[in-house]
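Once you scroll down, you'll see the structures, which are given as structure tokens.
Paired with chain B in one complex and with chain C in the other, chain A is shared by the two complexes that follow.
What follows is the complex of A and B.
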């Protein structure tokens, strides 16, 4: 019986076209991911050379003035991009994977984007996750919307009903045929991605594969439930497309508006203004209050005194820059907290909607989501602080450039240790799939 | 072999079947005559388990249609007015597919034999069904029924639209079914064909079986006169 169901499937040109379309689009998505990864790697490689060149150039220009030298030198800090990010670019196009920062105030620099233009992201990410979340379901709908109604409308249903030992088994086998064929495309694309992008096999990759696979199962089970009501093909197709539209556009858009209203993120702009005003105003203020607060935070630098009447002082200048960050610290923290809350709200919504869950989980696994962005931000802060604490004594004691072994000032990398929470990943899928199976099984019992 | 007891079917305010009591014994070929809407197809659909009766029950080989519909189907074969099969499979493949879902796994020779018995030309066995005439599709439908070795055969206007030769072929096969001891219930408008093949005839009117008579000593003209008088 199954061999004939395969025959019927493969003799339908529309199905073959849909499979071919999906495969080609999947290849394009993998290519997009590969290009993203190559571009990213090229930028990171170039930045290493650029930092070296920049240091050499500035050292030769300002070798007697460490304060001025550190005004110019940027230190690059890379957010390591896993190979898996090629399959889910996530927020990595908007949030660059490398930041070059001077030891001056950080808050302003955090939001500067030197290496990428956000305009690049305007077209969105046509990555593998996009194909999986948006296009795979459409093909599932095309394959399954009329599994019962086609026979009813073409008149073969009665004969099937009389002949078949179990109609339920027959319909489920039809589902299985389509599921297995789609699995071939899914796993073939992943195999191509593994070879082409050189994705290492890891728990993360396995979690990525399983989440996509369960998402495909979800759509099959949803179709199984919808068609169990035995409505017409047109009605089934319309219902399923409405589900697709609602899940992928209407609900996420509405939820986004709601989340923005619930968690307004005004702190980003506030932090920028506070830090900017922080150091701009200090040009017109007395130096002592700034220095007192600086010494309070870093008593180890209290030996470096500043003459209130001195026309310029790098001790005061860097202290003033530092205090700008301190003054905007609360807003910066609030900004991160609000972003975290937004991300959590989206995660909770994802527990109900497998498409959102898949996107968020795959971004999390691929280290391209909000969590990684925030963690990179915290790591950048630590990196920046470490650079400051290394260079402050050298600047404050008016050392010359040759006091530093500049060859050790290389590009550093943040490596996120993203854990995979199997329960958090699988449970929403299992619950939704289980519920739909339960609902559809009740209807299928009536089929005999 | 086939029995309906006080079978009643209502669609909202419309009564399609009124207390139908019908018994068709083993080897009997029973032709149900009646106008459109008389309840013939409703009776067949209830026997097939595709419709649930409002009240009453039907039994095939002593098994309740409402109680054990899946078990009943094992004993039933069905040939509709227009046999609709899968156009992207050949006649042979359609027969094999419908036999397999019924639990029968035949060899290629056996499949060919079933198709040959219906008179379907051998050259057509492996042609896609999309190119078949109605009569050829009907023959594949008969082959499917033959291959199921069902004890009861339900036919719903089986000769409608068939040419005279195909009708004669079909009638011969139905007669053979009866001779093999199978029970046949046939809903039809074709009085002449009914008389030539059936052992008993029933006339339905507005959901009721108003006449039941043996065909043995009746001519088609007698039945036609009775039919016109009854309806």
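What follows is the complex of A and C.
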């Protein structure tokens, strides 16, 4: 019987078209991911050369003035992009994966973005996660909306109920056929991605695959529940599309509007004003208080005294720069906290809605989400401090440029160690799938 | 007689839709959702407006209360400009989420507009943000399809279509009657919102009523036309389908094409046809081009050495210290002119590429009414990329004026001799800061 059901499935031209369509958009999505990764990699590779050239040029120009030299030199810090990011680009198109900073105040530099077209950003990336979250469900709906109602409308339902031993088994086998066929497309696309993008096998990738797979199961189970009410085909299609519409558009979009309203991020602008005042005011104030605060933070530099009447001093200059970061620190921290709160609100919403959960979890696994953005921000701060602490004593003791081995000043990379919390990942899926199975089983009992 | 029949069918279609209880609930819900989104957007807009105005004022006050300073310090102190959207943002957020909200303007350097709402949000922002325009562009069309898929197909299934035919109604009259009937009903989703949008945006107090009225009229016309398209599509598909179910499935397919598939595909091709450089690549190119013209930091650079020689000749003096104007200021003024020109050229080229990508999108509007209404609505609401580019250009112009004004002050008032003595400190009076106008 099963083989007959397969034949029946493949005879339907609409089904084959849907599968072909899904496969093609899947390929387009993988291509998008691949070209994103390539562009990203070429930026990072080039930046190594740029940094080397820029150091050489500046060193030759400011041989004798370490303070001025470090005013110019930018140190690049890369946020490592895992290969998996090709499947879920997440926010990586908006948040640059490489930032160049000088040892002047960080607050002014850290928000600098790459160029991007707002129109493209608003349309969103055509990545694999998009295809999975938005388009796979539609094909599931096309496959399943009339599994019961078609026979009822054609008048063959009565015939089936007389001839088959168990109607429930028959319907479930039909579901299984569709699920297996869709699995072929899902895993075929992933296999192509593995070969094309060279994604290494890892726990992360496995978690990515499983979350997508469970998401597809969720949609089949949802369809099974909806059609168990035995309404007409048109009504089933309508209900399922409404579910899809509400889950993918209405709920997340309204949630977004509310989240932006509830957690405003004014602190970001606040910090910009504070860092600017924090630094520039110091030019017009006495040098002593600035230096006292600086020595308090870094007692190891208290030997480098600054004469109150000195017309200029790099010790004083970099102390002033540092005050900008100190005085905007609170606002900057508040801003980061607000970002965290926004993300947590979305995570909680994801526990209820598998599509949001899938998108958030896959971006977390691929290190393209907010967690990674914040961690990279903290790492950038540490990187900036390490650079400062390395160069401060050299500047303060007025060394010449050749006191530094510049070949060691290469581009550095932040490697995030994103842990996968299996329970947090799987539990929401298991719960909602279990609930829907329970509900639909109740209905199917009445069916036979 | 045919006209009378047409009127009859229009009336009948409209009244049937209106009388249905479910339709009324649907209508009420959509209007409620739209009102809620206008409400939330209004309060968000006002609080954003308030805080940016506060920061803008603070920036100005801080600027004016700077003490006597060397003008070049002021050029580096620079200015912060904040973006405020046009109040119709309440209606259509457009690209607003993805636009930077603050630019730091300083000498020698063009900074990007930073801290966009999307940059400050998690992944969820990729699902989009709710707005009244989204409901009208995406949700209402699918509701029209749901309401209208059976208009003719159902009559055919129930064999009432034949009855109508027998009574002397031509196919054309039936189709037009149904189209106009459902179209009139669909306007109920939209027209009641217009006065509310008008009041809300007028209340935010950032635009003149005349301008708002003009823009809202344009919006009205465009949405009314858009719904006419959607209604016609619905009825035609309904007429060509054998059963109501096929009509529904086909219509959902069309909706998906218009809302999701075509825009994504167009974007995919636009990005691959007109690839854009990264910031780091563009800045390196700019740097190389600048070095080709002359390096203002290198005292032996031929370009700047030439300026020095001609200045000495012009004032008929032998050494720099004798010059009546500040040489450093002149060098920086020339340097600013060169770098700004080169940078702006590169940036214009980039904007050109973005605009070409956008053009493809606009062209797709000829076959995809959803893309057309989206673009138009955004443009009228002042939340599209052109409005944003204008803001960036104004900011850049202001930055240039500010830098060059400070350079002029330096040229006129600062001595060439390095003086750290008490009598002639190398500063200009703080009155100069007040004289420099605010942004916009």
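Criterion: the second predicted complex is superposed on the first by the 439 of 448 C-alpha atoms of A that agree within 3 Å, B and C clash if a C-alpha of one lies under 4 Å from a C-alpha of the other, contacts with A are read in each partner's own complex, and residues count from 1 in each chain.
One rule holds for everything that comes next: a residue touches a chain if its C-beta (ideal position, glycine included) is under 8 Å from a C-beta of that chain, and two chains touch if they have at least 3 such contacts.
Values in this document were obtained by computation on a predicted structure and should not be read as measured data.
When the two complexes are overlaid on their common chain A, residue A:63 makes contact with neither chain B nor chain C. Look at A:1: by the touch rule set out above, it reaches chain B but stays clear of chain C.
In the superposed model, A:45 makes contact with neither chain B nor chain C. Once chain A of one complex is fitted onto chain A of the other, the partner contacts of A:402 are absent, as it touches neither chain B nor chain C.
Residue contacts after overlaying the shared chain place A:343 against chain C, while chain B stays out of touching range.
In the superposed model, A:154 lies in contact with chain B only, and not with chain C.
Of the two partners chain B and chain C, more residues of chain A are touched by C. By the touch criterion stated above, A:303 is placed in contact with neither chain B nor chain C.
Within the complex formed with chain B, the residues of chain A that make contact are 1, 4, 7-8, 11-12, 154-156, 158-166, 170, 448. The part of chain B that touches chain A in the complex is made up of residues 48-50, 69-70, 73-74, 76-78, 80, 82-86, 88-89, 93, 96-103, 141, 144, 148.
Residue ranges of chain C in contact with chain A, taken from their complex: 37, 40-41, 43-44, 47-48, 51-52, 55, 58-59, 62, 66-67, 69, 73, 76-78, 80, 82, 94-95, 97-102, 104, 111-112, 114-131, 134, 138-139, 142, 146, 149-150, 244-245, 248-249, 252, 256, 260-261, 263-265, 267-268, 270-272, 275-282, 284, 297-298, 350, 354, 357-358, 361, 384-385, 388, 420. Listed in rising order, the residues of chain A touching chain C in the complex are 25, 28, 32, 35, 39, 43, 46-47, 50, 61, 90-91, 94-96, 98, 100, 108, 111-126, 130, 134, 138, 142, 146, 153, 232-234, 237-238, 241, 245, 248-250, 252-261, 264-266, 268-270, 272-273, 276-277, 280, 283-284, 311, 335, 338-339, 342-343, 346, 349, 356, 359-360, 363, 368-370.
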